[in-house]
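Take a look at the structure set out below.
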Amino acid sequence: MSEMFIVSKSYFDKADKFVRTNGKINFAPGSSFADAMYVWENYGIVPDSVMPGLEYGEELHVHNELDAALEGYIKAIEQNPNGKLSTAWRKGVQGILSAYLGCVPEKFSVNEKEYTPKTYAQELGINTKDYISITSYTHHPFYSEFALEIPDNWRWDKSYNIPIDELMQIFDYSIEKGYTVLWGSDMSEKGFTRKGIAVVPEKEIDAKTLSLEEILPEKTITQDMRQVAFDNGQTTDDHGMHIFGIASDQKGTKYYMVKNSWGTSGEYKGIWYVSENFVKYKTMNIVVNKNAVPKEILKKLNIK
Amino acid sequence: MSEMFIVSKSYFDKADKFVRTNGKINFAPGSSFADAMYVWENYGIVPDSVMPGLEYGEELHVHNELDAALEGYIKAIEQNPNGKLSTAWRKGVQGILSAYLGCVPEKFSVNEKEYTPKTYAQELGINTKDYISITSYTHHPFYSEFALEIPDNWRWDKSYNIPIDELMQIFDYSIEKGYTVLWGSDMSEKGFTRKGIAVVPEKEIDAKTLSLEEILPEKTITQDMRQVAFDNGQTTDDHGMHIFGIASDQKGTKYYMVKNSWGTSGEYKGIWYVSENFVKYKTMNIVVNKNAVPKEILKKLNIK
Amino acid sequence: MSEMFIVSKSYFDKADKFVRTNGKINFAPGSSFADAMYVWENYGIVPDSVMPGLEYGEELHVHNELDAALEGYIKAIEQNPNGKLSTAWRKGVQGILSAYLGCVPEKFSVNEKEYTPKTYAQELGINTKDYISITSYTHHPFYSEFALEIPDNWRWDKSYNIPIDELMQIFDYSIEKGYTVLWGSDMSEKGFTRKGIAVVPEKEIDAKTLSLEEILPEKTITQDMRQVAFDNGQTTDDHGMHIFGIASDQKGTKYYMVKNSWGTSGEYKGIWYVSENFVKYKTMNIVVNKNAVPKEILKKLNIK
Amino acid sequence: MSEMFIVSKSYFDKADKFVRTNGKINFAPGSSFADAMYVWENYGIVPDSVMPGLEYGEELHVHNELDAALEGYIKAIEQNPNGKLSTAWRKGVQGILSAYLGCVPEKFSVNEKEYTPKTYAQELGINTKDYISITSYTHHPFYSEFALEIPDNWRWDKSYNIPIDELMQIFDYSIEKGYTVLWGSDMSEKGFTRKGIAVVPEKEIDAKTLSLEEILPEKTITQDMRQVAFDNGQTTDDHGMHIFGIASDQKGTKYYMVKNSWGTSGEYKGIWYVSENFVKYKTMNIVVNKNAVPKEILKKLNIK
Amino acid sequence: MSEMFIVSKSYFDKADKFVRTNGKINFAPGSSFADAMYVWENYGIVPDSVMPGLEYGEELHVHNELDAALEGYIKAIEQNPNGKLSTAWRKGVQGILSAYLGCVPEKFSVNEKEYTPKTYAQELGINTKDYISITSYTHHPFYSEFALEIPDNWRWDKSYNIPIDELMQIFDYSIEKGYTVLWGSDMSEKGFTRKGIAVVPEKEIDAKTLSLEEILPEKTITQDMRQVAFDNGQTTDDHGMHIFGIASDQKGTKYYMVKNSWGTSGEYKGIWYVSENFVKYKTMNIVVNKNAVPKEILKKLNIK
Amino acid sequence: MSEMFIVSKSYFDKADKFVRTNGKINFAPGSSFADAMYVWENYGIVPDSVMPGLEYGEELHVHNELDAALEGYIKAIEQNPNGKLSTAWRKGVQGILSAYLGCVPEKFSVNEKEYTPKTYAQELGINTKDYISITSYTHHPFYSEFALEIPDNWRWDKSYNIPIDELMQIFDYSIEKGYTVLWGSDMSEKGFTRKGIAVVPEKEIDAKTLSLEEILPEKTITQDMRQVAFDNGQTTDDHGMHIFGIASDQKGTKYYMVKNSWGTSGEYKGIWYVSENFVKYKTMNIVVNKNAVPKEILKKLNIK
């Protein structure tokens, strides 16, 4: 699917909300699970070949110029220099987005069949309403919803809040049922190595020395440790990945198998082995299909 | 009730969210209906005499210094100068708030009975959960909820969205039932005079010349005109007032009677007569008791 | 003719040069005689009806939002955030310009005949190469060319430099020959009244009291006074007008008749009477047809 | 003794003076000899155990967040946003200081005896009035007092000014008499190594190669060289240390033995050997007991 | 005497101190009593005719350009762009000062006698060491010296501190003895009218309505009121004047007669009548000859 | 010849133009070929011994402080703080320049003969009018003149524009005729090594590995590649050098021999061997004597 279709649509929405709130949202590059869900549901989707989004003379995505130029433009609009916003400024946003990412097609053909983005999304058969976001923090009551107070949550989307042990149950249940879990996590931790493994070492060590051969003892993570790390700004949401399997090492430590968008880097051809403790500690939130959540948890959350 | 109790609690919450979102909410003075509701529900309330909030050498509220000092402090915290947020900074916020607005009492006595803010709120018997916020804009579907994209909505609270004609029905129904409507509206319009009357004159005129004696013809407001004024930044939410009655002038024009917090100013001792067209045009949102909303509307909104 | 065609083309050129010079030209709104000449010669022209340039929801030109948004965009580009300029940024400039001013038409019809901007300009028969810019300052040698060191001269265009008395001869000669002189002058002077008259009063007086009925004695202007006013920043180029006639008042004072773009304002239905002294003092430069310049002067300038 | 008692009291005084002078003092972290003297004399002192000053979740002093937050707060106050300073702002400063460094105790017990900070200081028996600051520069006359024009001298304290040779006499006399000299000096020099030795090498060399084994020839320092280095900004006051002894190396070069606050770092367990030339060159000022100054010098300074 | 000689010398000193303190003094235009005293004592003085200080094309002092240009220059120097200050920068300061204010003459003639600034000052016979500065505030102990914490006190000069009643005695004693008192006071008060009278009205009134004919009741000023006004930033030092006489109005209210530098403005040809209460309230400090101070006060201050 | 004479004169001119254009030129250090030509022609020249330009306490040119201080000064002037520029500010610029670079001499002696800068330039016999600047870009028509749109072209000087193949002919023709070519080129390319060789390697390689022994295949440069590199900001003008000879390596690759101002650095004692492809790719412009240009090219350019 075209990631740039999602980026383009989300940038447009972000620009609109930035101006309406007088600049009180995070107008930054990137798109989250929530963006993908929202765009898919409201605008549809197109194949990557239809909108590769590389209209600026490079072969790989390099968005610094687009990000800076769009920010310069939208911050000027937000100041409302005429005292009354024009009817043209949204078209100007689109003009910039189209220059860099290409036009969003109204119609396109795949295998000789014609689609609009919306009909194409229907064809794919994914119902975004079946997907829910779940988190686990104690500054809001469990079994209620709240909007994660993080910069990237510019859509102000809500997540369900449950104890971390129940959240961990969902991973296992999902994998068992054959579902992938979209995993929002902090990768800027030292324990998240570039080699294909992520752990929470008991002692602060140099990540470069970590390897599967000599597994170091890990911290045992509690709900409270999660909260402290969120409260002091050390857990952030900086990456979205897919958790799709479970593994264990020679000592019996449990790992989740993660696919991220870094191609075939690392020692396991693009697969990361993330220890259970790491997942417990650094999961910001997950997005899963309702069917991938144990019934008892759905019930506590009053989800049907 | 102590407005400064609400201000102090809201400022503390705002500081917390400002830091968590890396500065991506509006850290500004003032407190909205939503703040009052949230504080009442979560922290309780105290009488004004218990926490008048004037600890800084003035007899009237003058918050510029507090606002600026707290902003200077919290923007420095948000930068996270240690690379890891301290456990002291929230206490520092409280230290500043207490210096200017006084300490929030843990216990206090009213009529020789001892209360905490929470037990006092219970005693007053207002159930904040009975109150809902309603708005009317077309950039979101009707009969759903969305969070108004305005700077003051830093709590990201949602409002129900209904057609303007149904919203107008609620005013009449509420007043008939004896309920007051909390009215969030734009008062910076020229038609909102300082004399006690607010209209939407057909032609742009000087507000100073407006009077009840010679009522000028008004524009007829449509759903679309509301939307245009919201989209181009001309309708903002700058004041909260109470609508409590209905009146009409010599020509039969319908007015809503509004009580605002400006004491006995204006020509009607603190009462404002706001034309139906003005209310239709410039209402940002209302907060009402569910019982003050016609059953059919509640049903459409799926509210029980 | 479409002024917005010239504005749009000039803004595009300005953006290009701003980026190439690392921001070392004046990226400001407005377009000068030189812009009109350059655009006419290089891109052609279109009738106003073909490109009225009002695509942003207003009936009159209000460019503050466009100016600010384009500046925000181009200043971000100039910083070169990718370290290598993209091939998309110029298209983005065009996207913004088209949103506000409309697209520049490749083809259009006038009186059932089809034109491009270039063929339309040819049809009109004006040869921009016949027009020259002339000024009169002593910080460069007379009878040579130099580029006026003023912010608006972002095209770095050169003007011929001649003594002020010879410059004054050109006005008279042009009018006699039936040519209009494009007059770049400073109108921010107190002596340039809003009533339709401009003089250089001997004493500093309140412009509001000036009238044709009681003409006040004027300063006699010298080459040196011109230079002092240019050197100390008091003569600026803030407006372009047309000088088309000569008149004199009851005392025999000579005035030039000026048509500016203020419609029918002033006491003479859009005509200004500007005293000879004012013209001598405050002319920044003129643009005239070579045929409207006395032969002796052309010869000294080595123009054929 | 509690260093944080001194820091807290000095920060409060600094805030007060910053606001009174409209921001024209150096509002920076750190405290100097003069701060310690002033606080001791005016507010007393407490043992470190009574006010360790670590109330922010760390085990070592990490003040960046406090420094930045207090600066943000006080710069806002200094702008005087109400047009009249409140009576609350000093209390807010105290609220911030208490949050990070703990409250300054009014009373406390040591060995079962109760003290206030002032009575405790008396018990310790140090009379701060016996201590004087001495410097040696030629841009003010010798044997007079002047306030060193350096950023850290925010208290505008005066030092006695004497020739450098007499200043050097004081070191020897003090050490002989058993007094320690508080030594304000520049440690950012290349010659001040991290290994436990400081010299002024004749040629510019890499400090890392310096060792006691192969002592390099030094520059011979004059009064004029001191002055040049102060005038061109190369001598700054960046550290306070204690000089307590004299030593010499195998070549007979004289060194002063310095204890600084870096624990047991360096090759001599926290002792630095600083050559006589270095002391002559880079001493900003010293603070000594009057009894540790030769009588002749005291006489010239008119000190009794 | 040449005021510009004092301004030029003080600007040079200010630049030097600004750079030495890393910008931690007030680098602003203007010169105070302390400047005049310091310059007179250390550099001498010249007659106004010798150095009128109008080298920039104006007939009256207009220093905005000089102030801004010198500030731009010195702030760049303070950043120390070479990492080591040059030996040229002070010469550059002098180059700027000489361009605007003229060169400080090494020698000049008055009445055919040749002087240097220093010998001319000697000839005038004023011994600046006989002059002392006195103030009256309670945040420092009385009968001691302290440096007034105000922006203009960039020389960090000390004043003697005495009770306000004793300060008031000095005015009367001085005038009786025929001495003029240099009076540093706040003139931005509403009660300091432009008409020639200054009072402290009991009620806040419009200064424009004040007149000698209908004297309004005044506040009675206490030491504490002085302190409050200094602490909350309402008393500032904005002007230096001369008090030379005493007068009283028809109701017996006592006034001091003040000569300020506004020429013959006001209703009394440049003389201001300032009520005793105003002087008590708003005197920042005074500079007087020691002989103009009552003996008892000198004794308390330990001045001989 | 004195480079600092040229720097000083050019800085003065730059300051003048910066103020006249309201800051719309590049006020940066450095001087170009065009500066040298302009100064030589208009102000003359002096020997280096007469004006070495080292008046600030260093033995080598270190201009950071001068550049920053002059910029601080001139940016303040440009703001025009008096609303009318003074007659003193240019003198202030000269005061700063003289402080750092020494005074420009009116008269001086060389070999016992007295000169002014102008007569000395005449004596040297170089006619600057014989020198022309030539470039090769396609965004302007060939065989016309345009002003290169680069930050350093603050004099807005024009260059002749010709195809790159003809430009290359000029190098060979000049060298054959014994003329040196002033070569403005981009040296920030990786291919321009610090070892004495410059090439355009086919593949991106590490410049450190380049050597004459193992010559790597180069890209073949076209007119279009030149243009792309100019348009995307990768070709800049960062250095001026002299091309004086031709050489070839063992494989027959042609190199130009370049003398730059880096003394005897590199492996060939200050000579650089720059491949024909590099010169084709990265030449910004050249300045040559008209006699060093083939007749056919002069003819196309209409130069006599």
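So that you can tell them apart, the chains are marked A, B, C, D, E and F in the order they are listed, and the count of residues begins at 1 in each.
Simple rule for what comes next: contacts are C-beta pairs under 8 Å (C-beta built on N, C-alpha and C of every residue); 3 or more make two chains touch, one makes a residue touch a chain.
Keep in mind that this is a model prediction, so the values were computed, not measured.
Visitor: When you check each chain against chain A and chain F, which touch both of them?
Guide: The common neighbours are C.
Visitor: Which integer distance in Å separates the CA centroid of chain C from that of chain E?
Guide: 52
Visitor: Cα centroid separation between chain A and chain E, in whole Å?
Guide: 65
Visitor: Send over the residues of chain A in touch with two or more other chains.
Guide: 57, 80, 85-87, 232
Visitor: Think of each chain as a node with edges to the chains it touches; is that a line, ring, star, complete or other?
Guide: Looks like a ring, each chain touching just two neighbours.
Visitor: How would you write out the ring, from chain B onward through chain D?
Guide: Following the ring from chain B in the direction of chain D gives B, D, E, F, C, A.
Visitor: Which part of chain D faces chain E closely enough to touch in the complex?
Guide: Listed in rising order, the residues are 16-17, 19-22, 24-26, 80, 84-87, 147, 149-151, 153-154, 156, 231-234.
Visitor: Spell out the residues on chain F that touch chain E in their complex, using ranges where they run on.
Guide: 55-58, 62, 64-77, 79-82, 85-89, 91-92, 94-96, 98-100
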